Amino acid sequence: MATQAAFMPGSKVETGTFWGTVWSWLTTVDHKRIGILYGTSAFIFFLVGGIEALIMRLQLARPDSTLVGPERFNELFTMHGTTMIFLAVMPLSAAFFNYMIPLMIGARDVAFPRLNALSYWIFLSGALFLNSSWLFGLAPDGGWFGYANLTSSQFSPRHTIDFWMLGLQILGISSMLAGFNFLVTIINMRAPGMTLMRMPVFIWMSFVTQFLLVLAFPAITVALILLMFDRFFGTLFYAPAAGGDPLLWQHLFWIFGHPEVYILILPAMGIVSEVLPTFSRKPLFGAPVVIYSGIMIGFFGFGVWSHHMFSVGMGPVADAAFSISTMLIAVPTGVKILNWIGTLWGGTIRFRTPLYFSLGFIAMFTMGGLSGVMHASPPVDLQQTDTYFVVAHFHYVLFGGSIFGLFSGIYYWWPKITGKLLDERLGLWHFWTMMLGFNMTFFPQHYLGLVGMPRRIYTYAPDLGWNFWNLISTIGAFLIAVSLLFFIANVIKTRRSGAVAGNDPWDARTLEWAIPSPPPVYNFARLPQVQDRDDFWLQKYGDGHGGAPRPKGGPVTAAEIAAIHMPPTSYWPLLLAIALAVMVSGLMISMVQVAIGGVLTLVLMYKFAMELHRPPGGHGH
Amino acid sequence: MAEHHAAAVATHGGGGGHATVKTYINVAIVLAIITAVEVASLYIPGLPSSLLVISLLAMSAVKFFLVVGFFMHLRYDHPIMRALFVGPLIIAIAIILAVMALFSAFVLLPRVVL
Amino acid sequence: MADHAAAHAVHDPNIGNTGLDNRKVGMWAFLGSDCMFFGSLIGTYLAYKGKSISGPLPREVFDIPLTSYSAALLLASSLTMVLALAALQQNRVKTAARWLFVTAMLGLHFVLNQVYEFTTFVLHHGLTLSTSLFGSTFFVLTGFHGAHVTGGVIWLLLLVTLAMRGKLDARDYTKVEIAGLYWHFVDIVWIAIFTVIYLIP
Amino acid sequence: MTQPSPTSSHPRKRFDWTLACLLGAVLVLACSCSAVGWNWDTPMSTVIPKSDFGKMTHEIFMLISWWTLGIFIAVEATLVYVCWRFRDRAGAAIPKQVHGHTALEVGWTIAFAVILLVFAIPTIRVIFKTQEAPAATALRVEVVGKQWWWEFRYPQFKITTANELHLPVGQTATFLLNAPDVIHSFWMPQLGGKRDVVPHRVNHLTLTPDTPGDYPGQCAEYCGMSHANMRFRVIVHPPAEFEKWVKTQQAPPVESADALAQQGKTIFTQSACVGCHTITGISAGHIGPDLTHFASRRRFAGSLMESTPDNLVKWIENPEHMKPGALMPNLGMTGEQSKALGAYLLSLK
């Protein structure tokens, strides 16, 4: 049989030579390596987006500042938003999806390993394409949500918007491919016995996120396609003079944009839901409720988009409807927070860096959630929307929430990924400076918004009472930068002299801790038989109701290992991603390039598809 | 070889029976008839347009689910497959309806002379 | 026989622990996502329906008999697609290839009809992408559907080529099945477009 | 259930005094900053409303604020308490593996829903109240947002002005918002919430100012290069004063006897100025602001600058420098010419 089984034994990836190593990374289809690639790239782009933020904060430190002009400032806030969302937080989450999903569900890889590599390379090409705009002096300047009709060729005649619109299309393809891959992985590759309700909560939150990815991105894809046709082929979708309505963009964008918010926060919620039980040594309090809340958030996430548009004049009925749906979605979110606190209650809480970041997540996300409830009320929102109050709100959600959650995940899983524990002392310095810097930067912005400072202004008059807290906010931003230096120092120190982690340094609860750190290529020598959500904990301690620890199977034999088939490396994903970038960038250069890139893409898709069809090594029978 | 694969495929299906060639042909005939009725209904004089719209939508929905249910085997397939398709379909339809409502609520006034 | 298959399922990397084929689950997930894609396009069309301020009206340009014929072509192609699958299941590769080819040709006929339709619109009715909102929404929506059909035709023809080179048989059932799912999806999208855009006045 | 943790080999970390001192210092600093820094009575404050609309909004804002503040304190305090109370002590046993508490979870779900209902009811009332059709007696003002300045028209008085909105106190004003180019947002923070100004579509905002004053306003939707410079002022007058203002604006432009101003007038009429600007009786351009009563306005160019001779010269000679991206071209006026033009404009009371 073995039609598809062109699967070679667990490949020896380290080839020794430098170029051999590079090649092995370029052609890898191992979910763990791809996860590391995602994580590293995302962290670099996180720094890029951070530097953009620092320049903006410098500009705003005092009134009537002339450090950067409006042109540069507009580029900076557009790219800061776009970078942080699409090139930092999403891929950082993707890094955890890649590395952790197969480990936590007891699988050897994702469902489509080569597609996984393709997602990464498309992501990287899109990210580089978008950022290459800086080199041409054509950085996008339409804001991260690029409202029509400012983005039309009439009002943005240069290629700035093209870079943004095409870059996002490329990134969208990557996100959707990854979304399909993880959906199938979670549905189909769970270890025997792992029913849906036995999936770890991080897996559940990831699962919901993947649904959101594959269902939300089509909406922005369409919005961007319409924009592309408007700019390149003279259609009239967003042309008011022809009867087109620029608000169509806003609707399509936010049909994507609101689920996107949950795409950014749910993975962090999942991480916190793993870290808290581990460090309080108790199962997640009311795990089913947390899971259902995640599903509710995901589902309702598609019914609240217009709360970003209360000021556009939709009329009282629509305002009321979207206000109510938005308040509804606050319920499951609030429930989650109490469940997390319930998890800590009665535990024996061991304070380690991952836990600090998770606690920081709860404390800060609560704040962001509560300010969110304020602008769920349209009259209040009319005062707050497009001011620094909203800037403060979404940074409490996306920085205080997502970034703290993701750092919690980084500290938590670093030993699993590298085999070494990050330094606790530097970790605490990182946490406290980040916590302080974060609050110093963003808490005053609530005040600034309430005293009328609009967002996206590159300058302000000195007599409005905004000067002092803007300065404090800028100082806070630099404190955040310092906190990241602690993190980088920690990474370097740990690489040199970190403590060896062992399989299970935290006495944790889920499957990934049952295997060596870092895990072997095949993850599990023997696929686990799962009996509970906290399966590994039960293996160690029994069910907590007097049940004995589960007996271990016999030692793994060499023959078992030899029988494991892992997919071979492939260079088609990389080539295909390059061809796609050639095609898309051609839209700004010449249709000949589009055609060449298109044909190349088709040919490579064929090659990609046929690579495993009747391979020479396959042995039919 | 071939048979055992077919058997494997059948087991993957999960749910009850399995469509046969005869079923396919019957479904196709029904589809053809509905399409003919759809087109013909356009030419019925004096049919109130609301009735026309409702019946056209109903007929196309029937066609839609016949193809999905029989040709795409969703009727016989695993519940997960059904959820993967029907869930998004419901969200998509709901969003279309919401967008339509939002846009007819907008009174696009005649161009204001500026 | 079934035991044999089950034993092999362990080795087949495409079959998960649910017994489902990864590729099939993936295809259904993709189709769900594509619902949102076409949903957004159809939503756009409907949001702008009747809001053009110039140019020909839909009812002035639509050729209902031609489009009905096209709709019939796609419906017929769905039948031939399932017939191809049924044949492949019984390892009648030649028959399957023939039906696949017929399916592709019906699809190609549909695309050619669309090319003819578009050409007529442009040349005889002066309706282009940039004439009016109707032109923009109509061409982009049906154009993307046409692109989906074209992609499907290429996919089917590749399968036919494989079959003729002896590289396709019952073992590849799932490969053809997911092509079929895609193909039927394109058909149901047309069912929706045909009714909502062409038939409803 | 009393196995020791396998990680007990982990050394208990020592207390980090440096870090604690740093935290303490910053905390003290933060408190002292807060003591000096929160002044709510600022020119663009949203929390001291000066209209019925602003007040209705503010009531809901305060309602939600107090509730959320309470919830915030409760949650954070519980979090801190739990962390302290259940901290790991040496030799602690594995805690009881509690999986949840259904009644508790159902309880707090319902509690959240009820609290949100408390917010939803007044919210919906105010949504409908503030979007009612305005009374026939309301003052109608057409607000036109343009890149990057504001035009205000009073159709019943046949007045057009720029960057300076005048309203009578106590009379309901309804704004008809429109934009010829891109989306802007019309916002007078002290008078109430914003409303977007969308091309080829008329949006409405209705409110009744209740306190005379001079309030800054600003475009609140990113609209391109000089979005930050798209400001305006709202002057709320006692009724008699408003009448007077209307009379002034309706009058034909003042003829000044000043020689420099006369020279400026000649330059104005003979240059490209007339293509874009209206001065009643002299020119009828519609691209730039109406200048008929330019000197009656305290500020100009998106309310960026005081209307002084110096600023006018700077502006005329290099608009792009004063307001980046400004659509007014640099006409290459000499120093003398721009001075004369400035004098002319400042004579237009």
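Letters A, B, C and D mark the chains in the order given here, with residues in each chain numbered from 1 onward.
The definition used in the following text is that a contact is a pair of C-beta atoms (placed from the backbone, for glycine too) under 8 Å apart; a residue touches a chain by one contact, two chains touch by 3 or more.
Model, not experiment: these values are computed from the prediction.
Between subunit C and subunit D, the least number of touching-chain steps is 2.
If you compare A-D with A-B, the chain pair joined by more contacting C-beta pairs is A-D.
Nearest to the common centre of all protein CA atoms is the CA centroid of chain A.
Between subunit A and subunit C, the centres computed from C-alpha atoms are 33 Å apart. Separation between the centroids of subunit A and subunit B, computed from CA atoms only, is 34 Å.
Our note on geometry: subunit B versus subunit D, Cα centroid distance of 49 Å, whole angstroms.
Looking at subunit A, one finds that residues 1, 183, 187, 214-215, 219, 241, 243, 245, 247-248, 255, 315 touch two or more other chains. The set of subunit B residues touching two or more other chains comprises 1, 5, 80, 84, 87-88, 91, 95, 99, 102-103, 106, 108, 111. Of all residues in subunit D, those that touch two or more other chains are 200-201.
Within the complex, the subunit C residues that touch subunit B are 1-2, 4-6, 8-9, 15, 18-21, 24-25, 28-29, 31-33, 35-36, 38-40, 42-44, 46-48, 51, 64-65, 68, 71-72, 75-76, 78-79, 81-83, 86, 89-91, 169-171, 173-174, 177, 180-181, 184-185, 187-188, 191-192, 194-196, 199-201.
For subunit B in complex with subunit A, the residues that touch the partner chain are 1, 5, 80, 84, 87-88, 91, 94-95, 98-99, 101-103, 105-106, 108, 111. Those residues of subunit A that touch subunit D in the complex are listed here as 69-71, 74, 143, 147, 149-150, 155, 240-241, 243, 245-247, 280-283, 285-289, 311-313, 315-316, 319-320, 323-324, 327-328, 330-331, 334-335, 337-339, 341-342, 344-351, 359, 362-363, 366-367, 370-371, 373-374, 376-387, 424-425, 428-429, 432, 436, 440, 444, 447, 449-461, 463-466, 468-469, 472, 504-507, 541, 543-544.
Put simply, subunit A touches subunit B in their complex at residues 1, 183, 187, 211, 214-215, 219, 241, 243, 245, 247-248, 251, 255, 302-303, 306, 314-315, 317-318, 621. Contacts from subunit C toward subunit A in the complex involve residues 8, 11-14, 16-18, 20, 22, 25-26, 29-30, 32-34, 36-37, 39-41, 44, 47-48, 51-54, 129-130, 132-133, 135-137, 139-140, 144, 154, 158, 162, 167, 171-172, 175.
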